[in-house]
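Note that the chains take the letters A, B, C and D in the order they are written out, and that residue 1 is the start of every chain.
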Amino acid sequence: MAFFFEVLITGLMVGIMYSLIALGFALIFKASDVFNMAQGAMSLFAGLALVGFLHQYMHLPLWLALLCTVGVMTIWAYVIVFVVLKPLVNRPPLMLFMATFGVMYLMEGIGQSIYGTQAKGLNIGIPDNSFEVAGIFMSSFDLFFAGVAAVLVAGLIWFFQKTRNGRALRAVSDDHEAALSVGIPLLKAWYLTWIIAGIVATVAGVAWGTRLGVQFSLSYIAFKALPVLIIGGLDSIPGANRPLFQALRSVRKRDS
Amino acid sequence: MGRKLSFTIFALVLVASFILSSGQAMASEEKKPEQFVGLLAYRTGPFAAGGSGLTSGKEDFMALINMRGGINGKIMYKWEECETAYNAARGVECYNRFKNKMFKVHPESTGITYALIPKATKDKIVVISSGYGRADASDGRVFPWVFTIPTNYWSQNTAKIKWIAMQEGWDGKDMSTIGKYLKGLKIANLHIDVPYGQETKPILDAMAKKFGFKVRHFPVPWPGIDQKAQWMDIVRRFKADWVINRNWGVSCTVPLKEAARLKFPSNRILGVWWCGAEEDVLPAGPAAKGYYSTNFHGVGRDFPIIKEVVDKVYGAMKGNISFTRVGSVYYNRGFVAAIVDHEAILTAHKKFGVKVLTGEEFRWGMEHLNITKERIKEIGAEGLMQPLKTSCADHEGGGMVFFQQWDGKKWVSTGDVITPMRKFVRGMIEKSAAKYAKEKGITPRTCK
Amino acid sequence: MFYRECGNFKDNYASDMAIFPIPLDRWGFIVMLFMAFVIVPLFASEYLITNIIIPFYCFALSAFGLNVLAGYAGQISIGHAAFMAVGAYSSFILYGRYGIPLIPSILGAGVITAIVGTFFGLPSLRIKGFYLAIATLASQFIIEWVIVHVQWISGGVFGTIEAPDMYLFKLWAIDTPVKKYYLSLCILVLLMTIGKNLVRGQLGRNWMAIRDVDYAAEIIGVNLYRDKLTAFAVSTFYAGVAGSLITFCYVGSANIEEFNVMTSFALVGMIIIGGLGTVLGSFFGAGFFVILPIAINQSLGAFMDVVPSDILSNIESIIFGGLIVFFLIVEPYGMARLWHTIKDKLRLWPFPY
Amino acid sequence: MATKEEPLLKVNNIEVIYEHVILVLKGVSLNVYEGQIASLLGANGAGKSTTLKAISNLVKAERGEVTKGTVEFDGKRVDRLFAPALVKMGVIQIMEGRHTFEHLTVEDDLLTGAYTRGRDKKGTKEALEKVYTYFPRLKERRNAKTGYISGGEMQMCAIGRGLMAKPRIMLLDEPSMGLAPLLVEEIFEIIVKLNKEEKVGMLLAEQNAAMALEYAEYGYVMENGRVVLDGDAETLSDNADVKEFYLGLTAVGKKSYRDVKHYHRRKRWLA
């Protein structure tokens, strides 16, 4: 029985880690109908940038480095929206999907030429100790990121439900044209969405980067996150955070 | 619309000029005798750390030889890189691009090796797969053009089992007593679930049967970023004594973290040599301390020849990789491969005279390699590489496996250099090669 | 000025249905065929034939297959490379293991792939859009898994099987690049001719109706289930043949890593950059994705001494990504549309209105 | 009505092309004065919606373009502006087909209308109260998702949302579409009330010509992308052509189909 619970909890933790990526997908899909292939690459880039600020090129304190990374992701959001998506407004979603494919190549290439191709360790000072509770091993690292994910999701829900801009973003995702007709500037809304997705990608990049090292494979996590996304619902932001499914899946896999 | 059109035409012209300029670049002529080496590299993609190290190591060695005045003082190395991105189709394209000028090829990927073996056999170009590719290609009678110098996966795994037995108290000499120490041991073979990862399953199973230990295979789906479930199984259910970490790229790092989380001792994990580089353990941080891995060459810069590279090549700012990575595992691996090839060239020069070699002449050199301890000392690579002696039938040469441990900062050799169970492996190799020969309708050549 | 028809003088159905209504196009096409059949094998270097033109043909074929599915029938698939893998492995098994003659085993591989493809097309009956895309992505992973794990298919632990030597009618050895070139060219021309007429015909119209508004198509009597599945079958048939050609004529061994998810994405890229729902687009797209990276790689090789090679390799992906974005912005409907725009302008030139 | 003063909205001979190829409007001119209800009549595809979208600049979002002519609002040229900027000036379009945000609640939906007010919380709240007084029904359903309310409520929601943005002129695109006659009447009553009390000018695109002419002061008849006829509501109602083609009446009033003459009256303005 303890084994069962351990598997369940472990699965839950894995699920939360994946849901961080899935969240970014869902956000962008919802706000701009774009299936963002570059989500993984964004995480990669954020991780690389953070390593650059923290260990590689500069040695900034963690909070400043995080802030700078978010700044970098904001610039990316600007570039993507105004250079890539703006000329493609109202094109079929497939074209936008393809454009993000190009963005993926761009980000990977630029990221790796600036920061190099080796796997880099990322240490943000969260201890990866494990302790035992009732025969079940838990990792402080996992718990920390579960907490971060919870705060992030709560924050996003608050933002989307309660603030003016959040409401505007939801409006945009429901109906672009009607949103335009009540005076919500579409590009600004997209820009905002991509910034948020950039922040989510940063968190995901940090979480996965500390675990795996910051390296190219972060770009592939996105594919692994797809099942989470589909089960949770491609267009649902709370849905992206349904890691329970992951837990159940790993239980089933073990028992078979 | 018109503006768009002209824009596009402009872009097309740009692309066309790109292609044209590339043609011109290819046409540039060489002046003195040059031995051309085509390098299949992968500097992008998930395994870029490996590819950049391997390629740059070779390039640095060749740069050093050129600075010394060339091969036998007469012939210069000339090399060109081609990015494969670890993709077989692109690897084939690179091979075809170089094939008229080159005499040997390091495919640097198991997939590309498979694609190139029949082609290179036809084109009379030597394929050297150091520590990857087909294990059964060590049989030179069936694979005359393929070399698995200095060792292959199957040899490695028998050495691993021997080493594990030694850790359990075996003296390392008397093969008849090894079974006593292995009996009842539980060894988990954690492998990435692609053909590369599955390759060692038969030899492990065969050994388990022979020596009476228990082996279970735990496949990790590609790319192996999350292995929580496998580790739960290994530690909680299987209760493994030893774990063989047979992964690649990021999936090498994950087990260390998972093991630490489940309090599985890291010094009971033994990695394949593709899981034994700095890039594999650094991201795991303290969790990696104590982790063992195999290797087939030494690590670090503490060898005369690498010091010479540091002085001469990097002193002249002609290095091919960031200076910090000189002496790292992948770098040294590429470097050692280049030394071996160089020795083969020298051997061939003895027979055919000092000239630009063809593939056939080079193969002769490869088959008559005899790198003795003394010669290694002469090269200045003592401890960096192992003695090698190849023959017409034996395309593996040494087969020796080095063991190293991560001390938290760098790889430290444990001092164990273990000879694999050569007879055992050879039997399996010959069986597998014979099967291949039968399938392909090859009559194995006879070696005297 | 010569590029136009002089008014609409079509007085019989044959001329109305002609593939190339404009004589210049017809001549252009014949010239292209002449180039492909005579000039290229005579003058192109071996490197050009094996590395550029043969893969270009194979991917054009595969892209056309995907175009049938995505461009004509509107069912997006991002697992198309896996079907190429099915074709590659099954043709090897048919030819190498069972000794079935070459051409039948290549086409047979297509048929086997079509059966597999139809099976994986079943979800399309219930879901569409991106959800279907994800379902097809799942088919990619399932097929990869099966090929790696069923040793009967993958030929032992190595997961890779080498192409046997090819003989046509047990007599002709197809061993030189030029012969391989002719083999792939003949199959390409044959299948493309069939394909072009397929999409022009009743089936093609049904597909397009499904693509545009599926329920409306059903109302006017298109059998939705049957035609969606035929789209999957036809599309994967092409993929299978392309996959077997690529391994027979180009790589020389079937290796599952070659048909991974990135290849699938590249195929989607081909049809979008080339032009959805056009035959020509498949060629343009294949050219973009097959030739361009090699061209960039080769031309960057010239800078090897100046720029560190680490960065150079990454610049390749930067340029490639940039070009994808650039072409999408310039012409979101693909290079084929661009071509048509040029042609339309030519028709009116020099007196636009 | 005060026809001599400068009109609030002046559309001057505009031409709209979609996708660079499809010419939809071929020179449309019309004026709406402060506080006036003007209506735009025409059959399907006559170009009514496009005219409204050309004014509110939503046409750009559909890959259309105003290629000729000008739109002036309050004396300023606005046809080059971005749609949200126009909303800020007080030109608000209520789109055809009840575009509500289906995943938002009614209240959230209304609040999106106040986006252009910025952080003005007090004003937003007052505006919301005002909308609720006009549409008590919406107050009852304030927490329902707009995807699940009835068609009439959706239309009210859409109009209410427009009202949140301090409109000076509203461009209503077929508010009567798909609604029961009773509801249509209710909505038109509210429109008139808004016009009277809030001094909001209205430009009403309608197929339901009888209804539109009953409530509007001035009318334009569109056909094939052109304005073919305009005049006061009464004049138009009396026009024989309008009667025949839009009101379904002949010179002698409604007739039974049995008596319909089997030839068509020709439109005199054939475009």
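The rule we apply is simple: a residue touches a chain if its C-beta (ideal position, glycine included) is under 8 Å from a C-beta of that chain, and two chains touch if they have at least 3 such contacts.
All values reported here derive from a predicted model rather than from experimental measurement.
Engineer: Would you mind checking which chain's C-alpha centre is most distant from the centre of subunit D?
Structural biologist: If we average the C-alpha coordinates per chain, B ends up farthest from subunit D.
Engineer: Could you state the distance in Å from the CA-based centre of subunit A to that of subunit C?
Structural biologist: Between these chains, centre-to-centre, one finds 34 Å.
Engineer: Where the centres are mean C-alpha positions, what is the separation of subunit A from subunit D, in Å?
Structural biologist: Centre-to-centre distance between subunit A and subunit D: 43 Å.
Engineer: As a quick test, compute the distance in whole Å between the mean CA positions of subunit B and subunit D.
Structural biologist: Distance between chain centres: 73 Å.
Engineer: Can you compute the centre-to-centre distance for subunit C and subunit D, using the mean CA position of each chain? Integer Å is fine.
Structural biologist: 49
Engineer: Two-or-more-chain contact residues of subunit A, please, as numbers and ranges.
Structural biologist: Answer for subunit A, listing residues that touch two or more other chains: 108-109, 112, 116-117.
Engineer: By residue number and range, which residues of subunit B touch two or more other chains?
Structural biologist: 1, 43-44, 52
Engineer: Which residues of subunit C are in contact with two or more other chains?
Structural biologist: 310, 314, 316-317, 323
Engineer: What's the complete list of touching chain pairs for this entry?
Structural biologist: A-B, A-C, A-D, B-C
Engineer: Residues of subunit B touching subunit C in their complex?
Structural biologist: Spelled out, the residues of subunit B in touch with subunit C are 1, 4-5, 7-8, 11, 15, 18-19, 21-26, 41, 43-44, 52, 55, 80-83, 85, 87-90, 92-93, 96-97, 100, 110-111, 114-115, 117-119, 134, 193-195, 198-199, 201-202, 320-321, 439-440.
Engineer: Where on subunit A is subunit D touching in the complex?
Structural biologist: My answer: residues 89-90, 164, 167-168, 170-171, 173-186.
Engineer: Using the touch definition from the top, list the residues of subunit A that touch subunit B in their complex.
Structural biologist: Residues 3, 6-7, 10-11, 13-14, 17, 108-109, 112, 116-123, 128, 130, 137, 139, 142, 208, 211-217, 219-221, 224, 250, 253-254.
Engineer: Would you pull the subunit B residues touching subunit A in the complex into a rising list?
Structural biologist: Contact set of subunit B toward subunit A: 43-49, 52, 223, 225-226, 228-229, 232-233, 236-237, 249-250, 253-254, 257, 260-263, 278-280, 282-285, 287, 322, 325.
Engineer: Under the stated contact criterion, what part of subunit C meets subunit B in this complex?
Structural biologist: It is residues 46-47, 50-51, 55, 96, 145, 148-149, 154, 157-160, 162-164, 246, 250-253, 255-258, 292-299, 301-302, 304, 308-310, 312-314, 316-317, 323, 326-327, 330-331, 338, 341-342, 345 of subunit C that touch subunit B.
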